[in-house]
Structure formats: C-alpha cells, structure tokens
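Two complexes come next, and they have one chain in common, chain A, joined by chain B in the first and chain C in the second.
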Partner chain A sequence: MTSSSLPIVLYAVPFLAALLVAVVGWYVRGSARVIAVSAMAMTATLAAAVLARVMTEGTLYTPLGGWPPPLGIALVVDRLGALMVVLVSGVASLTVTGSLRHVSQELPGRETPYYSCVLLVTAGLIGIAVTGDLFNLFVHLEVASLAAYALVAAGGRGAPRAAMAYLIIGSAGASLYLLGVGFLYAATGTLNMADEARLVATADPRLVMVGTLLIVAGLGVKMALFPLHAWMPAAYQLAPAAAASFMAPLVTKVSAYALIRVLFWVHGEALLRTGGALEILAWAGAAAIVAGGALALVEADLRRMLAYSSIGQVGVVMLGVGLANTAGMTGAVLHIASDALVKGVLFLAAGIALLRFGVSRVDDLNRLRGRAPWTGAAITVAGLSLVGVPPLAGFFGKWYVLSGALQEGRWMFVAALVLGGLASIGYVFRILERLYFAPAPEHSPPGEGSWLAVGACLVLAAGIVLLGVANESVVSTLVLPALPEVGP
Partner chain B sequence: MAALLDYLVNRGPYLLFVVLAVLGVYLMTSHRNYLKAMVGLYLFQASVILFFVAIAFRVDSSIPILVPGRTITLSNPLPHALMLTAIVVGVATLGVAVAILRRIQAETGSIEEPRHEAGESGR
Partner chain C sequence: MTPVPGYEGVLAGMAVAIPLAAGALILVTPKRFAEAWSYLAAAGAVTCVAMLLGPVLDGARPELQVLRLVPGLALAIRVDALGLTFGLLASGLWVITTVYSSGYARADHMKNRPRYFASFAASVGAAIGVAFAGNLLTFFLFYEALTLATYPLVVHKETEKAFAAGRRYLLFALGSGLALLTAIAWTWSLTGSLDFTPGGFLHAVASPGTRTALFVLFLLGVSVKSAVMPLHAWLPAAMVAPTPVSALLHAVAVVKAGVFGVMRVMAFVFGPASLEGLAAQQGLVAMAAATIVVGSLIAVRQDNLKRRLAYSTVVHLSFIVLGAALVAPLGLIGSMIHMVNHGLAKITLFFCAGAIYATTHLENVSDLRGLGRRMPWTFGAFAVASLGLVGIPGLSGFVGKFFLSRGAVEAGDMVALGIMLGASLFTATYLLPIVQIAFFPGPPAPGATERHAGVGEARPALLLPLLATAALVVVFGSVPMVIGVQYDLAAAVAALVFGGAR
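Our next item is the complex of A and B:
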C-alpha cells in the first residue's frame, strides 16, 4: 500500500469544477461548457495517472484529514477501483464532449446548471469508486443521485414526474442502504471497510445478515435491479437526450460496482454463502436478464428500449456476482465495463437520432438510412456487442458469467442467459433492420449529426472493440489480482 | 407496570423506529399525491436517524464532552456526527423534491401521480 494524495485530487477536480461552473457560468456566458469539458479532460488524465500508479506501486491509500483509519475516512484505490475511475471518467468525458451540441439545442440558456449537475454526478461516482468507508459511500451515492434527479427533471413533457418517481424510489433505496450500514455499525462498531472486514467474522451474525440484506436492497434500487427497476425506464426515456447519454452508461453500473465492493471486500464469501444474499442476487439477476430482454423486445420507444436492455445487462452483472466464483466475478466486472461503453454509444446515437432526425421510435430509424453511415456503424458495433458477438467486449462478459454458471451446474441460470441472449438478438436486429434494410423516406435532413457526437460514438465503439480484443490482458492484470478470495 | 416501564425505556427508541419506518413506507406507497409520498420518505429517513441515535446510547452515559478532572461514561458521538450529515442529505433531497414538484405543478396543474405510468411507451 502506498500513501498518495492523488485519489483526493481526482475527486476534487470535478467537484470543485461543479462549484466553479455554477459561479463563473452565472456571470460569463458560454463559460460553463469550456470549464466542464476541461475539468472532464483533467479528471480523465488524472484517472489514467491513478491507474498507472496503482499498476506500479500497488493499492493507493489516502487517510483524510490526517486521521489514521479506522478513526478517519480513508480513500482506497486498488486495481479494480482504478479500472472503475478510468471507466467513469473516460465514458463521462466522451459522452459530455459528444453531447455538447445536444445540450445547446435541448437546454438553451440552461447550460450552467446542466454542467454543474453533470460534474457533481461525476464527482459522486468517482467518490463511490475510491472510498474505503461505508458511510462516505452513502454520501457520494447521494451527491450523485441528487444531481441525477435534477438532470432527469430538466427534460421535456413528463420528465419532472419521472424525476419525482426516481427521487422517491432512489432516496428510499439510499435510506435502506444507510439502515443496513447502521446494522453493520451496531454489529462491529466501525465504518472503515478494511476494519469492518476484519471484525465482521466475530460480530453478531443476525445483525450482519439483516445489514447485508438491507444494503443489497438499497443498492439494488440504485442499480435498477429487477424487480426494483421501476424508476429507470421513464427516467432515461424522458431525461434530456444529453443527460441520458451521460447517466445511463454510468449511474447504474457504478452502483453495481459498489455492491460488489461492499459484499466481497467487507463480508467475504464464506459469510455471504450462509446469509442467502448471494442466492437472492443470482435469482434477481436471472429474472432481470429475462424480463429486461422481453420488455426491450416489445418496446417501441428507442431510449426506453435501451433502458430495458440496461436492466437486462445489470442482471448479467448481478448473476455473475451471485454465482461468486472467479469466472462469474470476472464476467461481472468485465460486463460492467462493456455495458458502460455500449450504452454510451447507443444513448449518444439515440440523442443524434432524436435531435438531428427527430426520431424517438425504433420504427422511424429508417430516416437515418444512407444519411448517417458513421452513426450507423457505431450503433452496429455496440449492438453486436450487446448481442454478444466475439470479439466484442459484450461477448466476453457474458461468456465468463455463462461459464461461471456452468461450473456451478446451475442450469436455470444458463437458460436465463440464453433466453436473454435471444431477446437481445431480437431487439438489436429490430434496430439494425430499420437502420439498414427498411426503405428510407424521401424527405429527411441530410448528413450526420454533430461531428463531436459522431466522433464520441466512434471512439466509444473503438473502446468496445479494444476491450474485447484486449480482454485477456485486462482480466489478468486488472480484474483477477483485485478479485476478492472466492471459490474456484 | 415497572417491568413495562423498564421495557419501554430500554426498547422504546427501537419501537419508535419500527413504527416510523412502517408509517413512512405506508405513506410512500399508498398515496398518489407526490407531496404525501415525500412526507412518507421523510418519516422513513427520520426513522433511520432515530435508529442510529438509539444505537449510540449506552447505559448511564452522558453527552460526549470531556471535562478535565471528571471521568464519565460517554455515549458514542460518531453516530450523531453521521446523522448530522444524513440530515443535511435529507434536507437537500427535500429541496430538490420541492423544486421538481413546482415544475410538475407548472406543467400539469396538479401534484398527483397520473393513473397510467409516467412514461409514454409510444404504442
């Protein structure tokens, strides 16, 4: 372990930039986007630096305020955390840069609060990824969520209602998480994750079990785990396209990562096996795969379809976590990364479709035919990754989870994964069919959307290919060494 | 009677926590009016705060202020500090909620949940 102040700088950049945007953007017209994009770029650079240092020096460790843990709050970045901050800051920078034009088109005159909220969400998500303290995680969760509610509410007709439902359900989830932390604190008397992991084995198992189940439920709400997903489709359908393309890839995925961290770093596998939390997660994940796929298959609205697809992909992640063997966990982590990239591309492309071509329904996607070849190419790559075509990233995540299920001999879970795969073939090919084979209408605006958006789509799509091709080295250098001690 | 009193003194905060939590969840789920649901959420948050404060208490303990030359049993100050943060988070949530409620009212003239779902599936 190396002591370093890099993680706190990484968190402070987007957080302070959010305040700076709010103040300077108020006085200087047009400064908000400049500050936001440069802060995002800086965060991404710092995240890369964090990853480089973690690779060379091992886990980074920051005791805050000079208080040594377990008394003080500590930031801890291991290899998995470093992968997460790179993913969050990378996808956030690309989607924010890509949707610059969308924001000025959708939210004219409201850019300052928009970028302030975007930076707050980013700071919250990075905080979740780097913190080593259970209560601190709650605070970051709420920083990210409160800004996310505001972003959803900024959308058009119906969006405030969707935001209100999101707020009530999301805050109830956060309270459940907090209550769970309370039970763990009552059992062990500490909030520091490393300290808790040491003490939890000797604590009252009943308190620990109730606490664990409450935390699973609370974070399950935040990651829209079936059947706690009710807030999500409307929120991502009705939010401004720019906000959806920024939030949809990240918010639910980071909550899933937080659950992995709390479950396996704090509780350890042996304790979880007895508590039933893993079994619940695996079944909820399997149900989410089937239900998310089926709902996406019949959905007519493009962004709502993508939201249902996200529910299914979170299901894959949680099924991997619930299996709790090395293959399942590897698949879960890999699938978090791949779905963040995939949903980044698809929600950005949905933004282009809406704002350039006026398309919000899947059936109208033929207006893009022959007019937006690059956008179409990015959608195709992301779609095929969602289906699970090798060598794209989505294939490997699902593959690892599938082999995890096979190892355990859980045929119901294998069946769920296969059904989910079939459903994803169905809904992805509904998109591709409209995009490439349906007759294009006569009158339609010619040409691609803003080159920033198309460029960001293409870079993210390249990331999908790269993560897929390089998955072996990502798994062996970043995922496996950071995985907690689990079964075979 | 004395036993009952004893029980209430020892378990009272936890009983109150359960009552508040159940009441909060009931309000949240049973009302179509967003403001009433919000009150339910607030009760639920208050119950969690009460729970934390209750676990901080120790028998025969005093407020955690050190007085030189006097040894006292302290109640655990950490949950109180945590709950100050949680209260701040709750107030921030309420602020965002009220702002969103005003937008809902400006848009639709009511703050009730519609009978059908909020999103439009376009079918």
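Our next item is the complex of A and C:
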C-alpha cells in the first residue's frame, strides 16, 4: 500500500469546481460551461494518473487529515477503484462535452445550476469509488443522489413529478443502506471497510446478516435492480436530454460497483455464501434481465426503452456478482464498463434525436435516416454491442457471465441470459430498422446534430470497439488482478 | 505460443479481410464506385482463396492468429480442406454474382445500391470467415456477422413484407445464435478448448447425457441457417430479397454456412467417437430425412418460382445434413461434394428466375407457359441445372448424390438411402415441369401471348453469368480432373476425421 494524496485531489477537483461554478457562474455569463469542461478534463487526467500509479505501485491509501482509522476516514484506491474512476471521469467528460449544445438549447439561463449539479454528481460518484469507509460511502452516495434529483427536476413536463418519485424512492434506498451500515457498526464497532472485514467474522452473525440484506436492498434501489427500479424509467425519460445522457450511463453502474465493494471487501465470499444474499442477488439479476428486456421490447418512447434496457444490463451485472465465481465477477466488471459506454452513446444519440430532429419515439427515428450518418454509425455500434455481437465490448460481459452460470450448472440463469439476449435483439433492431430502412419523411432537417455531440458519440463508440478488441489484455492486466478472492 | 504466420496464413486472412474492407469502402466512397470495389474485391478474394488450394491439397493447414479474445483463446484462422472447399465456393461464385448483380440492379432500377453492394461484400467476407474459422468462437463471430450483413439485403425492398421477413430472419438466425453461444460457452467451461479438431474433442470429457444436451444446442445453433425443418421458415420468407441475394446467399453462402456448420460440429467438435451410440444423432438423421420428404411435397405445390426453388433448397440442404449425420466417411465426402455441386445448380436456377423476373416481371410458374421460346438460353440453362439437381450422370448433382448414397449404404441406413434416391427422382417433378411448359406450352392459354409480347432474351449481364454457372454444372459433373480435385479435398477431410490420424 502506498500513501498518496492523489485520490483527494481527484475528488476535490470536481467538488471544488462545483462550488466555483455556483459562485462565478452567477457573475460571469457563460463561464459555467468553461469551468465545468475544464474541471472534467482535469478529473479525467487525474483519474488516468491514479490508474497508472495503482498499476505500478499498488493500492493507494490516504488517511484524511492525517487521522488514522478507525478514528479518521481513509480513502483506498485499488485496481478496481482505479478502473471505476477512469470509467466515471472518462464517460462523464465525454457526455458532458457532448451535451454542451443540448444544455444551452434545453436549459437557457439555467446553465450555472446545471453544471454545478453535474460536477457534484461526478464528485459523489468518484467519492464512492475511492472511499474505504462505509459511512463516507453513504455521504458520497447522497451527494451524488441529491444533485441527481435536481438534474431530473430540471426537465420539462412531468419531470418534477418524476424527480419527486426519484427523491422519495432514492432516499428510502439511502436510508436502507444507512440502516444496514448501522447494523454492521453495532456488530463490529467500526465503519472502516478494512477493519470491518477483519472483525466481521467474529461478530454476531444475525446483526451482520440483517445489515447485509439492508445494504443490498438500499443499493439495489440506487442501481434500479428489478423489482426496485420504479423510479428510473420516468426519471431518465423526463430529465433534460443532457442530464439523462450524463446520468444514465454512470449512476446505476457506480451503485453496482459500491455493492460489489461492500459485499466482497467487507464481508468476504465465505460469509456471503452462508447468508443467502448472493442467491437473492443472482435471482434478482436474472429477473431483471428478463423483465428489463421485455419492458424495453414493448416500450414506445426511446429514452424509456433505453432505461429499461439499463435495468436489464444491471441485471447481467448482478447475476455475475451473485454467481460469485471468477468468470461471473469478470463479466460483472466488464459489463459495468461496456454498458456505461453503450448507454453513453445511446442517450447522447437520443438527445440528438430529440433536440435536432424532434424525435422521442422509436417509431419516429426514420426522420434521422440518411441525415445523420455518423450518429447512426455510433448507434449501430452501441446497439450491436448491446445485442452482444462479438468482438464488441458487450459480448464479453455476457460471455463471462454466461460461462460463470454454466460452470455452476445454473440453467435457469442461462435461460434468463438467452431470453434477455432475444429481447435485446428485438428492441435494438426496432431502432435500427427505423433508422436505416423505414422511409424518411421529406421535411426533416438536413444535417447531423452538433459536432460536439456527434464527436462524443463516436469517441464512446470507438471505446466500445476498443474495449472489445483489446478485451483479453483488459481482462488479464486490469480486471482479473482487481477482483476479490472468489471461488474458481 | 503464436507461430509466425506463413504467407499462406496471411493469404487466408486477406481472403476474409478484402471483402469486409470492400464493404466499408463502398459505404464511404462515392456511389459510382460501388460496383468497381465489388469487382476488385471479388477478384482479390477468389485469387487469395485459389492460391491456398495447392498448399492445402499438399496437406498444409495455413494459420493466422489475429487477436486474443479471452485468455487462452484467439481469433484464429485456420484453413483445412473442408474450409477451403466452402471458401472456394463462396468466393468463386461471388465473382459471377457480382456481374449478375450489376445487370440486375440496372434492369430492376434498384435503389440504395451502395448499401446493397456493401452488404453483399460483407456477407461474402463473413462467409469466408466462417469457412476459415479455426475455433468455435471465431466461427461464432463470423456466423453472427453473416446474419447481420445479410439482414439489410433481406429488407432491401423496404416493403412491409420485406420488414416482416427481415424480423423473422433475425429472430431465427440471432436466436439460434444464442443457442450456439450457450453451447460454445458450455464446451469452453467443460474442456477449456474450442479448437476444431478432426475427429472431435468432446468424447474424453463429456458424459453421454451432457453430449446429448450439447448436441441439441449446437444443432439448434446451426440448423437454422441449414434450414432443417421446423427451423426453415425464414428461408422461403427471405425470398422477398432481390434475386441475386437469393441466388448467392440463400442458395449458397448463408445456407451453406449452416450445413458447413453442421459438418464442422459433427466431425470436428463431436467426431465419430462422441457420436457413437448417441440417440441424438439418430434424431438428426430422422429430422433431415423428414425435411427431405416434407420439403419435396411442399415444393411441388408452390406456384411462385422463387419459393419453389427455396423449398428445393430446403430439401437439398437436408441431403447434405443427412450425409454428415450418418457419421460415415463416404457420407461426409458426399456432403462436401454436394455442398458445392448443389450450390452450382441452385445458383443457376435462381439466376434464371431473376433473369425472367427482370425481363418480364413474371414470378409465377404458371405464367411461364411458352416463355422458353422467347428466352431459349435462359431456359436452356434452367433445364441443365434442373437435370443436374435431379442427378443425371454427367452433371454436377450426380457426383454428390452418388457418394451420399454410398454413405447411406456404408452406414447401413437403407431408409435414408431410399429417401435420398426417391427424393432425387422427385426433384424432377417440381423442376422439370417448368422446363416443359416453357418450351412446350400446348394450346395457348388466354392472355398468355400478350404478357410475353415483345419479350426477348435477358440482357447479357444477366445471361452470361447464368450460362457460366450452367457450364460449371456440366464441368463439375463430367471433367475428371475437377471431380478428382474435389474428391481429394473431401477424402482428405474424411481421412482425418475417421482415420487413425487423431
């Protein structure tokens, strides 16, 4: 373990930038977006630096304020955490940059609070990824969530209602998590994850089990794990397009990461096997795959369809976690990354479709036909990755989770993955059929969306291809060493 | 671990890459270059594949590893005699089909030509990739790519009927892909290997029960493209595509990728040792036999020419599946030969159907009465190819069916023998009447003469390709050297799979 202040800087940049935007943005017109984008770029660079340090020097360890745990809070960044901060900051930078024009179009005069919230969400998500403390994780979760409620509420018709539902359900989830942490604290007397991991084996198993189940339920709400997903489709459908394209790829995925962190680093596999939490997660994941796919299949609204698709993909992640073998966990981590990229492309493209072409329904996507070839190309790559066409990134997540299910001989889970695959074929090709083969109306606008948005889509799509083509190196150098000790 | 690829390996890689690259180029360069790229790529691909013929006949197995997919498993290309046979078929006929496509596009005033030619090129690239795949995951990758690349061709006409056919096609093909993927992932977790091995690699590790389940999954995966009933329903529907697509893809590349997959799975994943005493193998024999019988009976009743040909394809694909399912050396040889020879005859028939449609806009058999006198060359070629499929000695269909029948005898399956011989003769009842009414219309039917008024022979770009493939039907049935090479390739595969060379 190396002591380093880099993680603090990484967290501080978006957090302080959020405050800076809030202050300066009121006085200097147009400064908000400049500060936000610069801060995002800086965060992404720092995240890359963190990853590089972790790769060379091992886990980074930062006692905040010099107070050693258990008195103080410690930030701990291992390979998995470093992978997450790179993913969060990279995708956030791209989606924020890509939706600059969308913001000025959708939220004129409200750019300052928008970017302030975006930076707060980013800071919260990074905080979740770097913290080594259970209560600190709750704080970051709430920082991210509160700002996210505000972002959703900024949308048009119906958005305040959706934001209210999101707020109520999300707060209930956060409370469940906090309650779970309370039980663990009662059982072990510490909030530090590393200490907790040492003490939990000798603690009162009943308290630990209740605490674990409460944490699973709380984070399950935050990641919209079926059947706790009710807040999500409306929130991402009605939020401003810019906010949806920023939040949808990341918020649920980071919550999934948080659950992996708590389950495997705090509790350890041996304890979990006896508790039933993994079994619940696996079944919920399998149900999410089928239900999310089915709901996406019949959904008419594009962004709502994508939200249901996310529910299914989170299901794939949780199924991998619930299987708790190396293949399943590898698949879970890969699928977090690939779906973040895929949803980044698709929600950005949905923003282009809405703001440039006035399209919110899947059936109207034919208005883009022949007018937006690059957006279409990015949608195609992301869609095929969602279907699981090799060698795109989405294939590998499913491949590993499928292998994991087969290794355990869990046929119901294999069947769920196959059904989810069938559903994704259905809804992705509903999009592609309209986009490429349905006759285009005469009077739709002639050209692509803003080049920033299209460029961001293409960079993210390139990321999908790259993560697929270079998958073997990613798995053997990044993912496998980052995994906790689990079964074969 | 990775050997330095020899130049043959690079050639094999190029044979796959050239058509795929051409597909991308067609989309990004100006419209007018679409056909030029297709010609260049077709010539390039067939040259690369043909240059591999010598080394492969000498027993070489050129290899190329492109990139690692998962730890211990690479995107690998390896050319053996079976793959080369399919690769030659797909790339060789692509050259002829490109000429035909150009002519058809003009005659039919086709829209969206860049998309058409790009998808066509990508489909052929994917088919060659299927042929040259060195392991199951690589096979799967190209198999899925083939589905995706042919989808735009199925919906090309952009009518509601085309969309419905396209959806059905995707549901069948990608859905079966999921079964295939499950089978592959299972094999991987059982054996830790996915490399195609002559004689199979499952017999040592999997219990009979597991093998049966795997067999069902694998066959679900590859039986859709090989149109074994009841998984054939996409094929007649896909006839809504432009005729050159039906000709090359739905008579040769796509469906042959299916039967090729059956052979790969039967001989290189399971192998005779794994299949011994497996009831599922008998099940496949029964399904193929049933498909032959039922498909023949349906074919007779089709009035739409392309649908009749499609059902004839269903029947003859099951001949090939049956040959592989018998697990007998001569059956496998027959399957390989019939894979090529049926392809030659069937592409000719579709070319003729397309030439008739592009010239007269007629697509029903009953409308063709007397048309033979106006389009003698077209119907002449149709007659040759029909006789070839029936199995007249001296034409291509006979050679494959001869070995298939011997395979049935070798396997001691007299029912299969009877069905094959009967169905061969039965082919005459649904193909030859078309020739008959075209040339010998009998008393004129009311209205027929006006329909054919002013109709002449098809334009040269349509006529020359179909005459060329008709000539190939003759050559592959009568020139000893050609038959010899074909037999050598097939026999090499059979020797590796069944011989003690394991």
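In this text, the second predicted complex is superposed on the first by the 488 of 488 C-alpha atoms of A that agree within 3 Å, B and C clash if a C-alpha of one lies under 4 Å from a C-alpha of the other, contacts with A are read in each partner's own complex, and residues count from 1 in each chain.
We take it that contacts are C-beta pairs under 8 Å (C-beta built on N, C-alpha and C of every residue); 3 or more make two chains touch, one makes a residue touch a chain.
On a predicted model such as this, the values are computed, not experimentally measured, just so you know.
When the shared chain is aligned, chain C comes close enough to touch A:Leu422, but chain B does not. Touch criterion met: A:Asp301 reaches chain B, while chain C stays clear of it.
In the superposed pair of complexes, A:Tyr149 makes contact with chain B only, with no contact to chain C. After overlaying the two complexes on the shared chain, residue contacts for A:Tyr436 are found with chain C alone; chain B is out of touch. Of the two partner chains placed by the overlay, only chain C lies in contact with A:Asn471; chain B stays clear of it. Touch criterion met: A:Val387 reaches chain C, while chain B stays clear of it. In the superposition on chain A, no contact is made by A:Asp204 with either chain B or chain C. Using the contact criterion defined above for the overlaid structures, shared-chain residue A:Gln407 touches chain C, although it does not reach chain B.
In the superposition on chain A, A:Leu238 makes contact with chain B only, not with chain C. Across the complex, chain A meets chain B through its residues 135, 138-139, 142, 146, 149-150, 153, 157-158, 160-165, 167-168, 171-172, 174-175, 178-179, 182, 185-186, 191, 233-234, 237-238, 299-301, 304, 360-361. Residues of chain A that touch chain C in their complex: 327, 384, 387-391, 396, 399-400, 402-403, 406-407, 414, 418, 421-422, 425-426, 429, 433, 436-439, 469-473, 475-476, 480.
By the touch criterion given at the top, residues 25, 28, 34, 37-38, 41, 44-45, 48, 51-52, 55, 78-79, 82, 85-86, 89, 92-93, 96-97, 99-101, 103-104, 107-108, 113-114, 117-123 of chain B touch chain A in their complex. Across the complex, chain C meets chain A through its residues 67-71, 75, 137, 140-141, 144-145, 148, 151-152, 155, 158, 163, 166-167, 170-171, 174-175, 178-179, 181-182, 185-186, 188-189.
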